[in-house]
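Paired with subunit B in one complex and with subunit C in the other, subunit A is shared by the two complexes that follow.
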Partner chain A sequence: MTSSERLAAPLDVVAPPRKGFFAALAPGGGKMLFALVVAGTAFLFAFPVLWLLLTALRPASGVFYVHRGTEFTLHNFVEVLQQESVFHAFVNSFAIATFATILSLGVTVTSGYMLSRFRGPVPSGWFAIIYVLRCVPYISWVLPLFFVTRQLGIFDSYWGLLLPHVAVHVCFFSWIMKGFFDGIDPSMEYAALIDGCTRWGAFFRVAMPAAVPGLTALAILCWLYTWNEFLFALMLTSHKTPILTVVMAQFVHELGMEWHLMSATAILALIPALIVTIFGQKYVIKGLRV
Partner chain B sequence: MAEVILKNVGKAYGQVVAVRDFNLTIADQEFVVLVGPSGCGKSTTLRMVAGLEEITSGVIAIGGKVVNELPPKDRDIAMVFQNYALYQHMSVRDNLAFGLRNRKVPEAEIDKQIAHAVKMLGIEPLLERRPRQLSGGQQQRVALGRCLVRNPKLFLFDEPLSNLDAQLRSQMRMELKELRKRVPTTSIYVTHDQVEAMTLGDRIVVMKDGLVQQVGTPLDLYRRPANRFVAGFIGSPAMNFIEVTASATESEAMIGAPGLSLSFAGQKAALLRAHAGKTVVMGVRPQHLLLDGADAAGLVRFAATLSASEQLGDQQLLDLRVGGAPIRVAGIDPALSLADGTELHLSAMPENVHFFDAADGHVLT
Partner chain C sequence: MFGERQRFMLLLIAPAAAALVFFQVVPILTGANASFRDWSLHDPQMTWVGLKHYIYVLTDPGFVWTVMPNTIFFMVVSVACSLVSGLALALLLNRNFPGRAVVQTILLLPLMVAPVVAAIMIRWMFNDQFGIVNAVLEAFGLPGQPWLAQRATAFSVILIADIWLWTPWFALLLLAGLQSLPREPFEAAAIDGASRWRVFRYLTVPMLRPVMVVCIVIRAIDAFRTFDIVWTISAGGPARSTELFSIYAYIEAFQAMNFARGSAAAMIGAAVIVVLAIIIFRVLNRWSEVSK
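Coming up: the complex of A and B.
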């Protein structure tokens, strides 16, 4: 036996891979089951949206027989787009979601960074504040906020909705931002300090760029959150500042329910959210995995 | 290039003292290694020199200038980190240029410096890559390059090789030594690996629990450890320690332990006479124990029983017992075959036998 033969020998006795339960029961069964579970879950989530789309495409007379009718129309979309309040609401919702995102990120990034990197009374105090505020049930803020915004004279204005949203975002997302920064090696910032940066310089030029996936994910979450939010919008705005989610709900009124128009508005409202999600899902997944 | 002075430097986090009364003067172009177990304060000391930790007490001066209050960027230092700390969102070239651009060095000069450094480190093909596309060894080279281009007064190394595998670590150790010859900048190097400390340092500072245990050249520490901790920390395998009782008659000085009785003459005898009746700790390195020294004069000899042997290929390590105490012998001919339980005669030169105080561990002289 030569030495090479001796070396080769152990490779021949590698055990064959053990068969799993499903593989033994039915070859390929495991994969099939997995595909079924995925399809089932996807259907569970997609069904309401599909139903919504179907309702939006039916004339007023057909909304209760969505599954039977054969008559389809785009008229509902035309009708809601002709309503001034819907158009207004679109603009308002878009502006508030965007501004709320920009404002909250400005605070959240620095607040998350502080929670991640600094120790002492200020970070601990700040941590305690947002922790307590986070523990307060969301709905119990609504009434106090209503009075506060009335008192400040910002009820039914951009600021009256923006500021509460920013406050909520800061409380909820500072934690996530802290998590992103915890995942970034601080020695990179130390290296920057030694390489000639100030503390702020190290933050802006080294820590922030490294946190971009996280920041993008957070920006998308912030935007979608405000775009979809209903309760604050309902209580803190009125006719002057219509918000999309509230306008949508107003299709249910004392004279009846205009499901077809509500569905059409909802489908229109889905489009920007869908664009944001499709554009950003790569970052959201990447960011949340940090 | 500069002299570095640390005077009575201390660091406390509230009640917890991390570094106590650290005194050291590092000559221009000297390479000093801080070594010790984790939590001994060596990294904290380095970070205080870098300006990344505030100093609780004392003075640090670099190049004749007190830097206590200076931010890291104004200390003219460069640092290599354990986990490389490369800027992940920048190419290797931008990583190297970052510090120079911050100092408003003209681009032409930056290109020249980078070209020089990458040539020295053999990383020319990597310039346009991102750090995460590089292996650990390559990343550490880039981190070294980032220091070299700056041409600072002082290099700081914070366990730069500990994330590398054993083979690469020993290769990089050699490269660091080579690099040092070409760029003889004053350096402070922190490691927990005594082999790195011994091979790289002009001088070694051994630390434990925030206190400096001993400062000296590698050979100094090996031959003349100041206390039992240094004796046990430096050298591999570690020094053997046996608790013994010193005694003396008019004609000779002896030590005794169960199964062991040695008699000393000369300087060691005087030492033992001074501690007669007390318990002391005898220390002798595994390399300093000989299996066959019967014909040489002046050796101390004793018998021990073999309990196990470890074959390393180039040598054997023998684990023996003297009375109840374990004792190791290194450097034994690998071809020698001995059955467990064999009684062997060991001998050592008296100057290679150290005695330490049984209570606080300081060396008895």
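Coming up: the complex of A and C.
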């Protein structure tokens, strides 16, 4: 609700609300126009997803002319769920997204706290390092990363994908976390220190609980990002650890043009993301209020 | 050696620094090392050749006159358009109307779909024979376009996909920013009878500037190094005319199998974006300081 609406009643006395062009033209027209604009925008944003859904519901013979024909089927969903690699990919993607979120947040919350609470050469040096490293394009380190995970013997395993993901998130998340802690008054921590708390105690018992809304918001965004990430999954995993996005892309690359199966898998992959977003968006918006 | 305070600071960043060193610094140094050597993927000689690859890339007219302008143009247009539409959506979602929660969930859909799937789908929608876009155009009696076979249209499709993908991200951050603004200035403006435009121009935008600066900086860096959606939609085509620099690096490294040259191109791109990012950060910081 905007403040002008809330204050409408007392304001009537002072200055009558100006009538807009549309209100003068057709009473209620402004509202209609607003509803139309909203519906149109929502349709535009939803369209590729609607198209995906429609393709997923068509039989294999119908995908080239999705907009014609009237045959619909749920068989595609049954078919992809019967494929073992798709099922494995679901489990793997879920595990990677969840663990990557936990690890990334665990690692960056301390780093963001440090950036926020201290001044001097160490924090500014650290900030400069993460700022510069954030700029380096993925393409210049994803192939050497393949060599590194090979050397460490973690290629095509959970760790081999998890740890690079954590490294990607360090820069961005540390920066955002700094913002969260900047918004929290440090005097409570000073009070805790004076009362005999250790620095770690002040961090864990005082600063961390205050940062929980921000952490929740980042956790949701991080989970969605990792669930949908493609380039690292493509380069750092193989047959032992299939990842959902790679499996979906392969439906239309290696195994022929199976649009209906790709779309069906994509719709299934959308369901967890949708659940996370529906229940999480409130916390994201609340948590990102820096 | 270190004081208690220093030890605490270093311990706080130790896990993050360890992850960075192993999975970012070491790979980057490996790539940087490779860029000075004769390192093709099928025959890694690894002999030192100095700046040969850098000179090759910097004197390649394709890189200087197509790839770099493409990348800068892409970055500016993508960030500007998604910022404006994200701000519009944030203002919309900040109002109260029936069905707001549903509309918000729908507008966040691009954040939930895997970008690679979305890009495949968008490429399919713009297919010149089977795509829905041409079908709709023809239904209205307009000529269909070979969207991905011409430079201008292919570039537009990529930009549309990118803006579609990132507008919700801007909207989310800006909405959070809008909701954290203090109410008093808006109430004062309402009492003064300020028009909506003036409230937006002289209150909302200046007060949102710090949030916008963070969004723009983060997004500009990401847009500069965009890879996957361009690769999926056009793969740099037609005839390498829509290549961004990460596509150029990828093609040199993996299709021409010259890992060293690809690394050199990536290093040049990284250097450009580091300089750009510092300039953007400085300029925007001043812009947001002035508003205070």
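Quick note on the criterion: the second predicted complex is superposed on the first by the 247 of 290 C-alpha atoms of A that agree within 3 Å, B and C clash if a C-alpha of one lies under 4 Å from a C-alpha of the other, contacts with A are read in each partner's own complex, and residues count from 1 in each chain.
What we mean here is this: a residue touches a chain if its C-beta (ideal position, glycine included) is under 8 Å from a C-beta of that chain, and two chains touch if they have at least 3 such contacts.
Since the model is a prediction, treat every value here as computed from it, not as a measurement.
Peer 1: When the two structures are overlaid on chain A, which partner does A:91 contact: first (subunit B), second (subunit C), both, or neither?
Peer 2: neither
Peer 1: Looking at the overlay, does A:78 come into contact with subunit B only (first), subunit C only (second), both, or neither?
Peer 2: A:78: touches no partner chain.
Peer 1: After the superposition on A, what does A:144 contact: first (subunit B), second (subunit C), both or neither?
Peer 2: Only subunit C is touched by A:144; subunit B is not.
Peer 1: Just checking: does A:196 make contact with subunit B only, subunit C only, both, or neither of them? Give me first, second, both or neither.
Peer 2: A:196 sits against subunit B, while subunit C stays out of touch.
Peer 1: After superposition on the shared chain, which partner residues are touched by A:33: those of subunit B (first), subunit C (second), both, or neither?
Peer 2: Touch partners of A:33: none, neither subunit B nor subunit C.
Peer 1: Considering only the touch criterion stated at the top, classify A:187 as touching first (subunit B), second (subunit C), both, or neither.
Peer 2: The first partner, subunit B, only.
Peer 1: Once the structures are superposed on A, label A:231 by its partner contacts, choosing first (subunit B), second (subunit C), both or neither.
Peer 2: In the superposition, A:231 touches subunit C alone.
Peer 1: Once the structures are superposed on A, label A:102 by its partner contacts, choosing first (subunit B), second (subunit C), both or neither.
Peer 2: A:102 sits against neither subunit B nor subunit C.
Peer 1: Would you mind checking which one, subunit B or subunit C, touches more residues on subunit A?
Peer 2: C
Peer 1: Residue overlap on subunit A between the subunit B contact set and the subunit C contact set?
Peer 2: On subunit A, the subunit B and subunit C contacts do not overlap at all.
Peer 1: In their complex, what parts of subunit B are in touch with subunit A?
Peer 2: 50-52, 71-73, 75, 77-79, 81-83, 85-89, 98-99, 102-103, 146, 150
Peer 1: Where on subunit A does subunit B make contact in their complex?
Peer 2: 185, 187-188, 190-198, 201, 206, 209-210, 212
Peer 1: Across the complex, what residues on subunit C touch subunit A?
Peer 2: Subunit C reaches subunit A through residues 4-6, 8-13, 15-17, 19-20, 22-28, 30-31, 34, 89, 92, 94-97, 103-118, 120-122, 124-125, 130, 132, 135, 164, 167-168, 172-173, 175-177, 179-180, 183, 186-187, 189-191, 193, 195-196, 199, 211, 214, 218, 221, 224-225, 227-228, 245-246, 249-250, 253-254, 259, 262-263, 266-267, 269-270, 273-274, 277, 281.
Peer 1: Going by the contact rule at the top, pick out the subunit A residues touching subunit C in the complex.
Peer 2: 1-5, 7, 11, 14-15, 18, 34, 38, 41-42, 45-46, 48-49, 51-52, 55, 64-67, 106-108, 110-111, 113-114, 118, 122-123, 126, 129-145, 147-148, 152, 163-164, 166-168, 170-172, 174-175, 179, 199-200, 203, 217, 224, 227-231, 244-245, 248-249, 252, 259, 262-263, 266, 269-270, 273-274, 276-278, 281, 284-290
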